[in-house]
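Structures given as structure tokens follow.
Both of the next two complexes hold chain A, though its partner changes from chain B to chain C.
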Partner chain A sequence: MIGGFGDIYRTLFGLELAVMFQYRAAVIIWLLGLVLQPIVYMVVWLRVAESKGGRVGDFDAGTIAAYFLVMMLVNHATFTWHMFEMGWRVRSGFFNAILVQPLHPWHRDVLQNVAYKVLALGVMLPVALLLAWYFKPTLDPPLWAAVAFVPAVLLAFLTRFFLEWTLALLAFWITDTSGLNNLYMAFVLIFTGRLAPLSLLPQGLQSFAAWSPFQWMVAFPVELLLGRLTPAQTAHGFAMQALWILLGFGVMQLAWGRASKRYSAVGA
Partner chain B sequence: MNILRLLAIFFRLGAMNDLQYRANFWIQLVRTAMDLGFALFAVYIVFAQTDHLNGWTSPELVVLMGVWTLMGGLLGVVVQPSMEKLIEDVRQGTLDFTLTKPEDAQLLVSVSQVRVWRLVDVLVGPLVMGAALAYMGKVAGLREVAAFVVALVAGSAILYSFWLMLSTVAFWFVRIENILMIFHSMYDAARWPVTIYPGWLQALLTFVVPVAFAVTVPAEALVGRLSPAWLVGTVVLAGVLLLVSRLFWNIGVRHYSGASA
Partner chain C sequence: MMPAIRCEALSKTYRVPERDPGLWNAAKSLLHRRTRDVQAVKEVTFDVAPGEIVGFLGPNGAGKTTTLKMLSGLLNPSAGHVRVLDFEPFRRDREFLRQITLVMGNRNQLVWDLPVADSFERNRAIYRLQRGQYEHTLAELTELLDLQDLLRKPVRNLSLGERMKCEIAVALLHRPQILFLDEPTLGLDVTMQRRIRTFVAQYNERLGATILLTSHYMADVEALCQRVVVIHHGQLLFDGALADLVTRFSPHKTIVVDLEREGLDLSAYSDSITVEGSRVTLLVPKADTAQVTGRLLADLPVIDLTVEEPPIEEVIEQVFNLEAGGSAA
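And then the complex of A and B:
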């Protein structure tokens, strides 16, 4: 069974990679937003620090630069776009082709996601290095934090993927999900720490972020690599990730069961 | 005059079309409120930490957010949907129908689609600007308002020319829907005064994707910190870009081979 899955994964990954490669230009154009937005907020906070003699909260220029550059990479690693695609799949009847495959559709979407990221990394990494050279971040994590960063990003990806894939399934009930998606994106921007490090938000919003999955989707790995977390805080973070992954997966399966029953194919 | 007459006709057509879908008005209202709410929240978070951002106070930044909303609406009502239609028409070959009409083709493709509900942004933007100015206790003088209007018109002309040139690329590379994403990413950066960015990014936002002229310059004019030289420069650039885009369009159209012919 495991071996069978390995084969399927390898084949499908190769396929998705080839498909992505056909859209090279689009891959790079999407990257523009992913790169530009962290730079915008980095610059805003650098200016704020400047106006206060070099520090804002417990960040200085070097750590602000490090925060937003690591944020850029972690956001790239964890973001998904399936909520923007699902509506189209449902309306156009494209879902028929997915439903006849003997595999839960989320597997294929994960592979598509990873294929895009692997391909885009070829541009993202040089850009990140260039920006690091320009903005001079101070990044000096303890060794254990740097090691823990890797599983933290992987778990963050799963946390975010299951949550967003479940939200994407709403397209089966609501015809136009673009308004909902916009609202969700605003939440993500605020509560994953992309607008500002979470410690700069009002107390009430910080507590909300800590209980929601948002903090663990992006901010947690970033702060871990910046060396801002104690081992106890890190353990708590992994626990929250595990909790939200289990919860997210469970709800996703439940929703998928109902959604696929509801689906009446167009064009059949 | 011809421009205005055609615009009025297409506007009436678009309005009649959109008025069938009244629920979309509420959807647009919610969307505008969300966009603006997020922008104001960002200003609030930033100014919880400091009292000025590179010389801009918080009400001044709210003025800028208002201009950002207004300009986004102005583009969204007619320029953006028309250009999206143009790209689609080039790809499908349906541009034939436009080219055979006895009016200037550039004019026709520029006003072909109207999204009336985006007028919400055009109305809400000035409200926000007015509220922020009132909060500052500042009555914008005749000079500031005049400079603002000139900058706004010139800024729209610059962005229109830019969209037209971007869309004209479709005559050579047929599949370019994605190219419009470039504009959206850049326009997002224009929520903040471009003067805060490092030199290379400022240059990018000023000369490559000229969103700086569309938002920062009119906002500066309204809060009275725009030098006359910049205003003149903006107007000159608008004139130059209108000419260049017209030229580029003429070359592009000659490359159009149609689908049926």
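And then the complex of A and C:
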């Protein structure tokens, strides 16, 4: 499907990148948040490990640093913001111009997302290297895991994108979705492993994360690059990602059909 | 010939929440949400032939924009049937969307932060236009709308008129067969209005495109539309030639006489008289026009006399007022 969209994707990606250049300051401010949060969690967990004789669970200082640095990069690669924009789009009539064009709106959002990620990577990577120099992470994955990390991040992005785009569509039914978004973000913080490695959570919460899409959106690629997964666990992770992507895409299409039927095309 | 646009008993009902003002009522609405059905369009039926330019008229809130949104696939009709180029618009089939365009006076397809040329490039990709055809059309639109100096300007730096010209150009880049133009000259100065009118007429002539146009400027309608569809309170009020609208809804004609001297009493000829020096304007029932004209010429020292239809704005206003008063024509 993407092949037929080659020219559209190339052109829109270039334009989205050009728009991002116009918002350099905003891009940097967003980045600060994305960088600071994992550093804070990392420092807290390093202190916890220190107070417990150097280890917490099966993590030592080096692996804690590695976990949160890789987490920072994976979270950057996979996060989306459309849930926070959709309400405005519905209320302002922004969709009117988009819906009469022969391209589903999610394509634009993917490209906008990727454009931001690519641009921000120019800052994110040096920051990650600087942090790595300071915190000295232990990162020594087997070659196959390092290779598998790349598609795992890509699939993690799609898992997260389709789920969050579908949730964003609730804006067609609910006037203000900010409360719901915050609740969802709390789930993301806990069950994607951003707050703490999932293995440090109580067993019940770990099981929930494993059956939900959350684990596969962020924690899975992180643990893969840390060399903490067996080939069998990795294969299971890819299968879960595939399942949630298919499910997410299907539900998104269904929800979009309902949402656009409900759309009242306000804003003249 | 199959019509380009066909609406049959097309209706749209919005469900809108409502509550009385005040804190107590706000609290009550948490438990019991009250809604009201508002019928924006009621069983509207009309056809538009390929290549036709039709003026779609009505006062604010008449249902014009809602109808255009249903025809362009933005809104799902509540009832009735609609076919555009034999497509069902709401399915938003890609082939359908490639053949239509919707231009709304206050909505834009332009990328706000980038130079205008980037928006053209984006639509080239989205509509999958061949490079050669794209460049040809772009050159044509640039010339017709005089866009040369605007292409490199960021959209946010354009004036309203410049932006509207660019909006129209970007919306026509894929050479649509059907144009839904909702107030395309809104807020523009007279020169720019004329330029856009000329352009729309040329586009229609060159491509045989079908155009449905709403405008509050009667000059747009008079210049472009042989036929008008009038809608009010969501209902179709009139569908026919512009001239017939005047005949049907204006029972009067205007007689303007220039007299040799001022101060003559013309009250015997009409109940509605406006005097400006030696020029007197009389409003007379259509059927009496010939007889009154004859009497004026016979009785008075007339230098010049003309018989005119009332201005179209007045007729339209009269139509809307009639309906507002509940006396349907």
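Some notes on this structure:
Convention: the second predicted complex is superposed on the first by the 264 of 268 C-alpha atoms of A that agree within 3 Å, B and C clash if a C-alpha of one lies under 4 Å from a C-alpha of the other, contacts with A are read in each partner's own complex, and residues count from 1 in each chain.
By definition in this document, a contact is a pair of C-beta atoms (placed from the backbone, for glycine too) under 8 Å apart; a residue touches a chain by one contact, two chains touch by 3 or more.
Since this is a predicted model, take the numbers as computed values, not measurements.
Of the two partner chains placed by superposition, only chain B is touched by A:201; chain C is not. When the two complexes are overlaid on their common chain A, residue A:127 makes contact with neither chain B nor chain C.
Touch criterion not met for A:247: it reaches neither chain B nor chain C.
Shared-chain residue A:210: touches no atom of chain B or chain C. Of the two partner chains placed by superposition, only chain B is touched by A:182; chain C is not. In the superposition on chain A, A:15 makes contact with chain C only, while chain B stays out of contact range.
Of the two partners, chain B and chain C, it is B that touches more residues of chain A. Once the two complexes are laid over each other on the shared chain, residue contacts for A:39 go to chain B alone; chain C is not touched. Across the two superposed structures, the residue set of chain A contacted by chain B and also by chain C is empty.
On the chain C side of its complex with chain A, the touching residues are 14, 65, 69, 72-76, 90, 92, 94-95, 97-98, 100-102, 104-109, 111, 113-114, 118, 121-128, 182. By the touch criterion stated above, chain A contacts chain B in their complex at residues 25-26, 29-30, 32-33, 36-37, 39-40, 43-45, 47-48, 50-52, 56-57, 134, 176, 179, 182-183, 186, 189-190, 195-196, 200-202. Contact residues of chain B toward chain A in the complex are 27, 30-31, 34-35, 37-38, 41-42, 45-46, 48-54, 178-179, 181-182, 184-186, 188-189, 191-192, 196-198, 201. Considering their complex, residues 7-8, 10-12, 15, 18-19, 22-23, 93, 96-97, 99-103, 260-261, 263-265, 267-268 of chain A touch chain C.
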